[in-house]
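Take a look at the structures below.
Same chain, two partners: chain A is paired with chain B first, then with chain C.
Now for the complex of A and B:
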């Protein structure tokens, strides 16, 4: 049952859910000029900026790890963090401490599994997207007035093709709830999943060219609330690739054959669908009885 | 209150026998006071103040019942879902549609909800097509051809809203049969009839028409707005569809939207086929071309057919010049959750939650406390069978109805050996 959209508090109050990529496989091998420590410091200053822009703004931080995802920080919770450690403000020290605990937990979970190839360097983006959407639904239910939610993905790991279906499900659900998914991609090649996510949900996708100035990109593009975005010239999507990839070779194709039962995509004409086993051109009962006959004969 | 809710949960039509059995002197509204006594459901707490009635638990149990019946039906036998559907919606605009028992009139209510249904249908089934048929003055007319664009159907329906004359079920079925006969063999043929009248004026033998529809593998479903009729029930039983009668506007909307997700389809209804489809690229920014749908020059946004290089404005569509079906990969991806559904969560009683050894009793998805507000006792919640995480009732509903991903399962790294998704 779709809930009626409740009224946002005011035009410029936002709820920002930030998904931080902490995947150690990416950060240890990334050859760019940004290491994880610098990345986190840029992000922390950005979070502080959001909080200072309006008293009613809310932030939630979720970490995307290699083996698990978890909530790091929720600004609406009353945590007793009046004083920070040393010179750092309370927000920074709290988030840093929670991030450290999360990375340790992520590592411990990874140690249990053996035989993981280094090639599988993707993070669990679908998990953190799902958690973010559940939290946003809770905010919609919370009362008649609420801040305008949006999701910001700070991702560097490459796309994991095994997560395609889950990420698309999350994207369509975000589209229905009218929650834009923005992305600031700090990895090497563009992420097709996140480009599609931003395009479908009406968000902004940015791949910064100069990673040393990451904070500048974050502050100028992503700090602004949704209402004011209509007055700004934001980076436009250039060439989102919506072509499909065939199931047999994983190459992108622009013309292919689609199985009418399970919608798997093939580049060449086959007699039998490898995903669902349906025989093409014959009614299913005939095909099943053919198989039975062959089995009983042999 | 309880009796009518139970009736809704079971989806039964209102039995007209009941009125004869009980006292004729009382009207239905009087009977709600004598039989149902809603004031007895109120409770007071220790200080004598009224406690709010918890609708959440009732709503959640209704939802669980619905989910269970759906998953039982699909798990019982290897029934696949018909993803490429050709649906004809038949709207009865006879004199009975002008009745005002649905405010402002049955016709207005039908039009409003059919619009919402069409949008929801194309949202869930992007590769399918809808055609509209109306019955007026005893004759069935085709309002729109089978097509994939929601705006065209909605515009056509809103213009032609006037009711008069008799209703003819046989004429409608004949027209729908002729329309759906021409579609390719891999498509699933469905008919949805929104019937307000209590009679049908037919030129011939309707039983023959019903048999003809059954042989043509048309799955006919009916939603009645007045009372249950034998001929509709027979039609639905013969063709394998569902027959429901709406009790009020909210119930009608619910019944109508139940037809939006793909129904379980028996394998012999449609032949599996490989359909040739094109995945066009977006035209370059600033390029000028004459688009094939509006026949005028357009700049920039549009798609180029990979076979004949014609420009089209929106997807999914069929190229006007070479006939190739053009889709984008998100359109196919919209239907993947029907193929890989998540299992329903198990209900966890408050007692079980208290006994469990979870450190913090919060919902895994939204981090809301699972304890009943104001007390320290655990409230009811749900748990996933695979990842064993706990979720609150609202997240349970959201995950199964909209998101189709379990956050707990997605936040786990499964080893490649364990992760094999087979579809047969």
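Now for the complex of A and C:
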């Protein structure tokens, strides 16, 4: 997309990378207030809104599947501008088409692993975050004139605690590049990872109470570009759930042991850190309980 | 307690039936001493440990008065602390040291200074929940602060040479007056060990102090006048004078020893403090005359360099005695002697080790690192696990963890089928028009704005303004006081676990009662406060209430455990 070279990019231009959760296991079990097709319709209208707000706005849509993630739509690519067919505007039909292809691909990849009958309910958020960040890095290196990027994560699946480290790494690199990660969480319980993401990167985390008005939430809160955020008040959550997941069992814990060398977190006492190999001394607690035993015996 | 002995107030009984004479029992290095309060009383005890054959004492936790019964070759004696020992109860686990008068005064002062502390003190110690000793036991740091200010830090020595201040020379009466202060004395003794030795040996046995110093200064005067012939003449007459004029032999020995220990590697570091060269004559009084060395008189000469080096060495070594000991010459002399003895006993062992270390140090410093082969055996190689292992193990472990989440499990085919259906539904039906019903949109907007405005007004716009400041002062003070008292209670409560003695048990029971009282107080506070701040108060109080609850739960759990354990024991011990 050719920008007018004489005019600099205006302040309120945004590059919005939207991560849509297409985990079938979540959507098949989700509550009746929001099913997948309502969700997609709200999101499509929202995307249209962003594109219409400014000629220079760009959006990129990445789908977060169960087994894979992929780019669905990039408004800056020439190949993605297609003419509309039927009643739907071009944007919508294109996105829907690509979504369908993506779901097929996801299923095929899932089928290969069908031998193991267990199912994870979480989607590959770490993958899509990484893809988003890579795209943004490319935009940064494309030249001095580029819109301000931000990431909007539309997630419903619960956190996969095995992805803790990768998600945290993605969050910290987003913080480093000053890319805010907003999150609109449509699942049932709050997501600790996404709350932390928004808190650390300076984004907004919203868990809508009235899911039938999802579009209204999106338009009011998440359509605001970065420049305007300095003089608009956006809702902030009351608290952030800062729990981490342990490195040995990948369970979410709030009390555990930390290696003083590499800061890896463990839920129970180990003799040796599995990440950096440093040997731990005897735990304080064991020594105290030994003394206790001796005292009570005497 | 500072001079290596332990003292306790006791009553001394010669037999069990005896009423006992009150007095003090002290435990010195190898003996037990008993001195009665009444000096006229005959019962004294002075027993060395080697004579004691047996000792018995009352069991902890029994109801009898605590007694210590000593048998020795000579006789059987019993000692018991007086019955009116404060706040001990049936058995004494608490160290019932009598705080010294200074301590009591200091505590009273602390209480006066801080009204918070006073309130706490009144509430707990006055209310009988904690004893004085316990209250102050957790505040040892506060009490010790004062003693630390009398601190371990000593003032350093002055860089300028004090002993070289110009004497008053009165031409008319032909008198030369030198000034002598304890600091100058210290400097002289530190720099000239021969003079120190002479002082210790001669004063007050052979010469009086005044004479000693007169002779010393006469020697100084002679030195300064550069009149070597006169110096030799006077030295021949008076042997003490000779000591002052001759070069210092103690110093010479020390220097020889030090030279042997010199590290041949250079450590060059100088800063402005070492710049004494800007003082005229380096701060030492000298005439401008040239010093021409005459043979044979070498023994009686002292050069500027010698004086300067000696002074510098002493200053760098620092002062081994306190300011307080600079009272008069005698004390200074003794103090320096004592410190020198300590140092010499310490350094004798060091010498042989020092040689070895010196050799090691030289060899280490002389090797050139670049030419050596790399031996980082003292560094552990950095090893970080391959991150791929971590991510691969995700597969294995995640299957285990996510089991609870998949309820009403659908097969994956069905799930994907649903998704596809939804997408095709949109394609065929198109989108809703309007996408959001107006009432719903209205609701959402109002919820959002309410949310934003409530956080905006309640969390404070200015960063400096805190929630506490916005509360009325009486409420705030009450809250803070509750918080501090709960903290204090918690400290004492948790430190008494595990409960091993009866004393701790009673303490814990008292604390628990106080805690339930506090809980009801907090509840009352919540109810009586104004409704518009009630929510914030509740949020502020919640952690305190949680702490109290956790403590009480722990107590109840322990009680139950105890009860069940007691039931298990066949004899029914409790």
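Going forward, the second predicted complex is superposed on the first by the 231 of 298 C-alpha atoms of A that agree within 3 Å, B and C clash if a C-alpha of one lies under 4 Å from a C-alpha of the other, contacts with A are read in each partner's own complex, and residues count from 1 in each chain.
As a convention for this text, contacts are C-beta pairs under 8 Å (C-beta built on N, C-alpha and C of every residue); 3 or more make two chains touch, one makes a residue touch a chain.
The structure presented is a predicted model; accordingly, all values stated were derived computationally and were not measured.
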Quiz item: Is A:262 in contact with chain B, with chain C, with both, or with neither (first, second, both, neither)?
Solution: both
Quiz item: Which holds for A:110: it touches chain B only (first), chain C only (second), both, or neither?
Solution: both
Exercise. Identify the partner contact of A:29: answer first if only chain B is touched, second if only chain C is, both if each is, neither if none is.
Key: second
Quiz item: After superposition on the shared chain, which partner residues are touched by A:230: those of chain B (first), chain C (second), both, or neither?
Solution: neither
Quiz item: Between chain B (first) and chain C (second), which, if any, makes contact with A:280: first, second, both or neither?
Solution: first
Quiz item: Looking at the overlay, what does A:55 touch: chain B (first), chain C (second), both, or neither?
Solution: neither
Practice problem: Name the contact category of A:208: first (chain B only), second (chain C only), both, or neither. | Solution: second
Quiz item: Taking the superposition as given, does A:249 touch the first partner, chain B, the second, chain C, both, or neither?
Solution: second
Practice problem: Name the residues of chain A shared by its contacts with chain B and its contacts with chain C. | Solution: 110, 116, 162-163, 165-166, 238, 262, 275-277
Practice problem: Using the touch rule from the top, collect the residues of chain B that touch chain A in their complex. | Solution: 80, 83-84, 123, 127, 186-187, 267-268, 270-282, 285, 306-307, 324, 328-330, 332-337, 339-340, 363-368, 394-395, 397-399, 401-407, 410-413, 415, 419, 423-424
Practice problem: Please give the residue numbers of chain C that touch chain A in the complex, ascending. | Solution: 382-385, 390-391, 394, 397-399, 401-403, 405-410, 412-416, 418-420, 422-427, 430-432, 435-437, 440-441, 443-445, 447-448, 451-452, 455-456, 498, 500
Quiz item: For chain A, which residues count as touching chain B in their complex?
Solution: 1-2, 66-71, 74, 109-110, 113, 115-116, 124, 126-128, 130-131, 133-135, 137-138, 141, 162-166, 168-173, 176-177, 196, 200, 238-244, 253-263, 265-266, 269-270, 273, 275-285, 288
Exercise. Using the touch definition up top, name the residues of chain A that touch chain C in the complex.
Key: 22, 24-25, 27-29, 35-37, 40-42, 44-45, 86-88, 92-93, 96, 99-100, 103-104, 106-107, 110-111, 114, 116, 118-122, 158, 160-163, 165-166, 208-210, 212-217, 220-221, 233-236, 238, 247, 249-251, 262, 274-277, 292, 295-296
